[in-house]
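Per-chain residue numbering starts at 1, and chain names A, B, C and D are given in the order in which the chains are listed.
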Amino acid sequence: MTDPVLQVSDLRVTHPGPVTALDGLSFELAPGQVLGLVGESGSGKSAAALALLGLHRRTPTTVDGTILLHRPDRPVLDLNAASDAELRTVRGPELAMVFQEPLTSLDPYRRIGTQIATAYRLHTGASRAEAKQRTAEALDRVGIDPERARDYPHQFSGGMRQRVLLAMALVLRPRVLVADEPTTALDVTVQAQILRLLDGLREETGMALVLVSHDVGVVGGLADEVVVLREGRTVERGATARLLGDPEHPYTRALLDAVPRLDAPLPERAAPADGDALVSVERLRVDFGSVQALRGVDLTVRRGETLGIVGESGSGKSTLGRTLVRLQDATSGTVRFEGEDLASWRGRELRRRRHELQMVFQDPTSSLNPRRLIGDSVAEPLRVRGGHDEAAVRAEAVGLLERVGLGAAHADRYPHQLSGGQRQRAAIARALILRPKLIVCDEPVSALDVTTQAQVVALLRELREEFDLTLVFIAHDLAVVRSVSDRVAVMRQGEVVETLAAADLTRPRQDYTRALLEAVPRLEAVAGR
Amino acid sequence: MTRFLLRRLFGAAAVLVALAALTYLLFYAMPGDPALLACGKGCSADQLAQVRHALGTDRPLVQQFWTFLTTLVLGHGYSTGPSTIWCSAPCLGYSYQSNEPVTQMLLERLPVDVSLALGSAALWLLIGVGTGLFAALRPGRRRDRITNAVVLTLGSTPVFIMALLLLMGACVWLQVLPFPNYVPLTEDPAQWAQNLLLPWLAIALVTAAGYTRLTRAGVLETLNQDHIRTLRAYGYPERRVVLRHAVRGALPTVVTVAAMDIGMVLAGAVFTETMFGLPGLGKLAVEAASTVDLPVVCGITLLAGALIVVANTVADLLHAALDPRVRI
Amino acid sequence: GSGAGSSAGGSSDAFSAATCQGGTLRVLDSAKNSKGFDPAVLYTSGGGAIPRLLFRTLTTRQSVPGTDGTKVVPDLATDTGKPSENATVWTYHLKPNLRFADGTPITSADIKYGVERSFSPQLAGGPPYLRDWLVGGADYQGPYGSGNTDLASVATPDASTVVFHLRKSEGDFPYLAAETQFAPVPKAKDTGKEYNADPVSSGPYTIAGFTKGRELDLVRNPHWSRSSDQQRLACPDRIEVSLGLSPAVINQRLSSSVGQDANAITTDTSLDAPTLAKVSADPALKKRVVTGKFPQIYYLAFDLKKAPFDNQLVREALSYAVDRTALVNAEGGTQLAVPSTTFTPESLTAAHQDYDYFPAGATGNPEKAKQLLAQAGHPNGITVPLAYDTDDTSTGAPAATALAQAFAKAGITLQLQPLGDADFSGTVNTPATQPALSLTSWGADWPSGGPFLTPIFDGRQIVTGGGNFNLAQYNDPAVNAQIDKINQITDYATAQKQWAALDAQLGKLALTVPLYEEATSVLYGSHVKNAYLDQWRGWYDIASVSVK
Amino acid sequence: MTLTETHAPAESAASPAGRERPAGGGPAGVLARLWALRGGRTALVTVAVLVLVALTAPWLAGLEGQDPNTFHDTLLNSATGGSPDGAFGGVSAQHWLGVEPTTGRDLFARLVYGARVSLGVAVGATIGQLLLGLLVGLTAGLGSRWADALLSRVTDLALALPTFFFSIALLAVVPQSFPRPLLLGLILSGLGWAPIARIVRAETRVLREREYVQAAVLTGAGNWRIARREILPGLVAPVATYTAIVLPQNIVAEAGLSFLGLGVRPPTSSWGQMLSTATTWFQVDPAYVLVPALTLLVCVLAFAGLGEALRVAFDPKASVPVRQRRARREAARPVPSTKDQAR
């Protein structure tokens, strides 16, 4: 191994509280090398990334340990002990960072060209013209038309903004780039492009990369070495291939097992392939002003089946789901439920029959009233319907909570006293309490960690049998969808591109579906490396 | 943009007509007869009827209102006795009490309120934004808390108490300033500023508080945003981060609110004008209301409403100009 | 007595009418003059303060301190008018060589036109007497309309003679002829409603600049000369009037009297109670205060048509119960108000006769009041409404509450009924809506018992449509006849004696409760000379004031 | 994997979502947090004292042995404008704060009785504003597109009204026999509900998109139940905070109108009425001015401080997810601070 650029030893980050976010992280990084930091939400990944650039300064958070930066022809600098002024000269030209939220990480009030050029001039003192020239080059390199330097951030998509941030880093040619979940907020296809770009830049400039992600697949594809974090502590550290192929620690193994795989065997299930149509959608269009969210969707949901819906962000998945449960009115076209046109339900009739159609939402935080006890939230639908005495309602709610893996104790808690997974379970219980015929699950597991995600998916699978449910399962993760669905509809720009049996998902007919599939990072490929 | 302005214009026209109707109705219901006031002491019943006819107050309300509207759009001829003079659009009619075209009366008063609004706005922005920044630089520290307390106190002071204290302090106890007596800018700029200093201060001191809070909150909020972290990660000096970028984030709100506030002061600052004896729209409004001078009252209400609507539109335009994300 | 002449001595010793000319006088006024200066619309007493600088009238008040200030003297006319036998025809001759500010000669036609236009509905607002007195005045609509544009009862046999034909005897006509309605208006320059901004001057000054509600600049009228005008000294070369100032500012500026304010006076702002309190403590300031009185009585008006005031005993009870000390204090103390038990106040010297039929003492006699009420069949007291004008700074809330306080002690509960200015005149002066009891005031348009008593007690003056001042609705044919008889007297002193006797006679009936008369205390700038309050109006005569 | 194995490593309560702590725990919790803030405690105590003074006014005046309407001519010097004899406006054992010039009425008694009017009107007006604002805002926020459009225009109109000027006119219009404090309250609420309606509407629109509200819709609950059970509790924080902001504004508004002589009728006292007669006496009898002015100031300040503290106690940083641009624009456009105070 060549001389390291960055030597981190025993890094600790303590938030006031005190909350130990990071508890002793050590690693070395050589030029051109990629270090992957993985771990579930809250494991301290961001804490570590921010600490590397000294970004915890001016906050109540304390950082201990040493971060040695090796520079050619200059003394080694301990970033944690350096003065603010020293640190400032290092930030940018030596160490740069790309953030998780590309949408908010650029100054909304300044043109992107100006933002890149200013960063450049700040450290090089270059002339305006030169800075402009360099900016254009950098933008070109990351695949953005230099003409667009005059645009504002909001005129770019998330992926493009992440490229702009990369261009900002690139223009200063840093020796180390810290990327904190650079692709989490992006669609899979865009994610693949950004990862490719990062890898290319590393090769070209020889910069070292610290890649932070919760997605083992993402890290696995790029990293030379991987550190697995859990509650701030380093669980395991090792060369990527070894660690993924043959994890030593049980937690690492559990983590890997929970990752949904496209090539995993599908569970045996008597597919109700020939069930009659519970819901049939014809030429459904939904417009929001000038935005055409759905542009003529035809779809059938058969009784008892689970229909998966996948597609990129903005493709209209949620809109379709909301229209199915009549939270959204169709602009044109029809949605038939058991042969009846949903639009014909009005007023009292609508309210009376609502319970047959339920929905589970993506964000477990906002899907439960923060001011109501969990037990009351679950019981509320029964109270709305009336006709049950209080004891029965309570018993039913607690029973269902137990069924979804929570207990009577949880009934008397507020949502913020539960974890994300637990909240999602409560939301499922609420959806079930009215014994609906159809439940639309809109990305029910997207906000959850992989391990939790696996549990909730498993729960849904069980409940489906037990309550004789028909499910519409919306997700952007192909592997997850494949694991629960009988059939999968692929959406793009408000249209259903194709509908496939889950087993056939890996053998799509449409190019778009294929592109989606190819963009998914594959763990198995790395593990075998 | 054009569409936005057109839509605004249309909306504003509707709001203003509704406003005028409301005002008309309200003052029609008011006790006291403008004719009786104009007619004076010892006015006989006959004479009163004649005066009513001359003023046009003997016609039904709807007809009067309709005349008011058509006059506004088309202009109107008024008999002065020996001759008829033409009041061209936008004509707000003729004052019952002072025998003057209302438009002219308003135009005479407006400079006072413009002077008041612009001067005090400059002051309150200076004070408000200054103290807001001062407080935001060290949130939670003593100077932040002291600024907060001072600003809360000033901001809670009713303007007439503020005016009273300023008058007594500056003119009676310290005798550093003469009692204010409005002098138009065109007449003597130095006198103009000197005489308006106290009114400006009175308005600015009670208004600045809001701006301190807006600025402080805006700067702090921006400092908490992700893009500030990006700046820090690229080695921007802290001064530059705060003064250029964080302030920039607070700017749209501050400017937007300022535009609306300026509109409000333009539309008449009753207390300040009363306390400092400034011949502005607010004072005229109170006087006109007490003498049931319907054309003047309606004219001021309309002008005030129009100014507020214009200020709101300007605020929206400024907001759009200052925040590239907002499109109109 | 006002002592006006003596208190002006502070600065008048160095004053000489011969050398007083020059300088700029500043006038600080709270009035806005938003109606401008139209001689037809102005409602003045004796020609007013500023209007008298612009308009000469047939007669005018005599510009001297003291009681002689209540005398009427010729102005444009050669004498105060020649009456016919029964005082129904009044003839005036104009002095020679009179000119307007634009150089055109003043003729009797201009006088006639000035009177005529005051009848136009467009120019309403002046005093009501002309309409009542002149033959055909009741139906005349002024010169603008299409119908009868000539008022025949004003005749101009030649260019310097004007004759007025009255429908009844009016010995006081010379006093009326001092009002601005008798100022000449050149028909060619008449702009009707617009005339108020720039009237053609016949007085010593003419308008150089006028912003309504803000300021008025007067400069000398080149066609006026002292030789033709004995009543106006017109000392300053220039007079700058600031309008619409707040009273506090005026008094503050006059008391500090710095810079230009040393040359300042006010024509309408009396010292208020707090400033008086301050001034009393400062001898230097005290020297620059003059006091005077405009004959005006503040009184309680009963509606005799409404119970319980149809009963004289009840009216007497209220007269006994009143606490004049509290009222005077509420007004701001003895320098701003003087208790009065007579309807015609002491300051209207010639027409005043002292009486106190229902002595209430300084602070009221509630016991006697209770006793009278019981006698009247109200042993448990009465509850009556009291209307007052909230916008009137003197008769407003302070006086009303002070009354309520005192009456409460006598078992009389006042239900205060505050009315805004516009509302008050509309409600109280219309018999149909008039409340049983109102707090109001009455001032004489000229210093004579006639205009003081007639509108209040003459039964034929009851106007049902609005603008009624006979609030008692008192109509006694005997009294009416008596009024007519006095009106025929053209000798001032004789007539006033009779008015005084009439007042004393009416006082026995307790038709009103006289409360107090108002006094004015005014400051003037330290360079101002010959500043005195004339006895006619109780205010400065700007035409006499000098700054040199 | 069995269902009982739910406590997987990452499901700790410290997950990022757990950081956002809504103002749960009910009113007691808010009160406790309020109490914990130094400013909040001071403000709360001051407000409580003032309210107590207003409630016990007759008793307090009785303690002093005075009533607010009795004249004391003997304490005045009639020759000097009716100013009170003695130091500090005639302060004595009988008259704790001295007497009023020109009438000799007891200032302390008038002050404590004035508190009833000043606070009563302000509280009444605030309640009125709240009720109207909530009604309009909720109807616009939850109602159909048409109801929303109509009510929003009405709100715009109400916001464009030169409020202060209109209240002057209204005070003149309504017959004097109508009880003044009630009228003041009605006018202030009738003209001041619009900002609340706007806030409520904007918040309702945001809350309406919240997934728990959508879930409630799916249960078949009616609009009314949703408003009551799901939306209103979410409005408590912004509305309570705004209430504490408008209350002092209403105190100032009442004082302002009374100051201009349009408020309560004599002999009733309110702080604004006291100030209006007092201003000219500043040089001669400063106590006469300072007593009502300082009381008013302290009162307004206490309420303002309470509002500030409530804002903190309710944690303003609750995330506001906005979907539609319109909602965002409205949320971004603050209510002009001018509605705070007529200048």
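Simple rule for what comes next: a contact is a pair of C-beta atoms (placed from the backbone, for glycine too) under 8 Å apart; a residue touches a chain by one contact, two chains touch by 3 or more.
This structure is a prediction, so every number in the text was calculated from the model and none was measured.
J.: Any idea which chain sits dead centre by C-alpha averages?
T.: B
J.: Report which interface contains more C-beta contacts, comparing A-B against B-C.
T.: Counting C-beta pairs in contact for A-B and B-C gives the edge to B-C.
J.: Quick one: chain A and chain B, Cα centre-to-centre, how many Å?
T.: That gives a centre separation of 50 Å.
J.: Just give me the whole-number Å value for how far the CA centre of chain B lies from that of chain C.
T.: 39
J.: Measuring from the mean C-alpha position of chain A to the mean C-alpha position of chain D, what distance in angstrom results?
T.: Each chain reduced to its C-alpha mean, chain A and chain D end up 45 Å apart.
J.: What's the distance between the Cα centroids of chain C and chain D, rounded to whole Å?
T.: 48
J.: Spell out, as numbers or ranges, the residues of chain B touching 2 or more other chains.
T.: Within chain B, the residues that touch at least two other chains are 30-32, 172, 274, 290.
J.: Got the chain C residues that touch at least 2 other chains?
T.: 419-420, 423, in rising order.
J.: Residue numbers of chain A touching chain D in their complex, please.
T.: Within the complex, chain A touches chain D at residues 19, 40-43, 230-231, 251, 325, 327, 350-355, 357-359, 361-372, 377, 380-381, 384-385, 404-406, 414, 416-423, 425, 427, 430-431, 434, 447, 449, 451-452, 454-455, 458-459, 462.
J.: Could you please specify the touching residues of chain C with respect to chain D in the complex?
T.: Those residues of chain C that touch chain D are 248, 272-278, 280-281, 323, 325-326, 328-336, 363, 390, 397-398, 400-402, 404-405, 416-420, 423.
J.: Across the complex, what residues on chain D touch chain B?
T.: 153, 156-157, 159-162, 164-166, 168-170, 172-173, 175, 248, 252, 255-256, 259-260, 275, 279, 282-283, 289, 293, 296-297, 300-301, 304-305, 308, 329, 332-334, 336-338, 340-343
J.: What part of chain A is in contact with chain B in the complex they form?
T.: Those residues of chain A that touch chain B are 53, 55, 58, 84, 87-93, 96-97, 99, 101, 104-110, 119, 122-123, 152, 154, 165, 168, 172.
J.: For chain B, which residues count as touching chain C in their complex?
T.: Spelled out, the residues of chain B in touch with chain C are 30-34, 36-48, 50-51, 53-54, 78-83, 85, 94, 97-100, 105, 108, 171-172, 175, 178-182, 274, 277, 279, 284, 287, 290-292.
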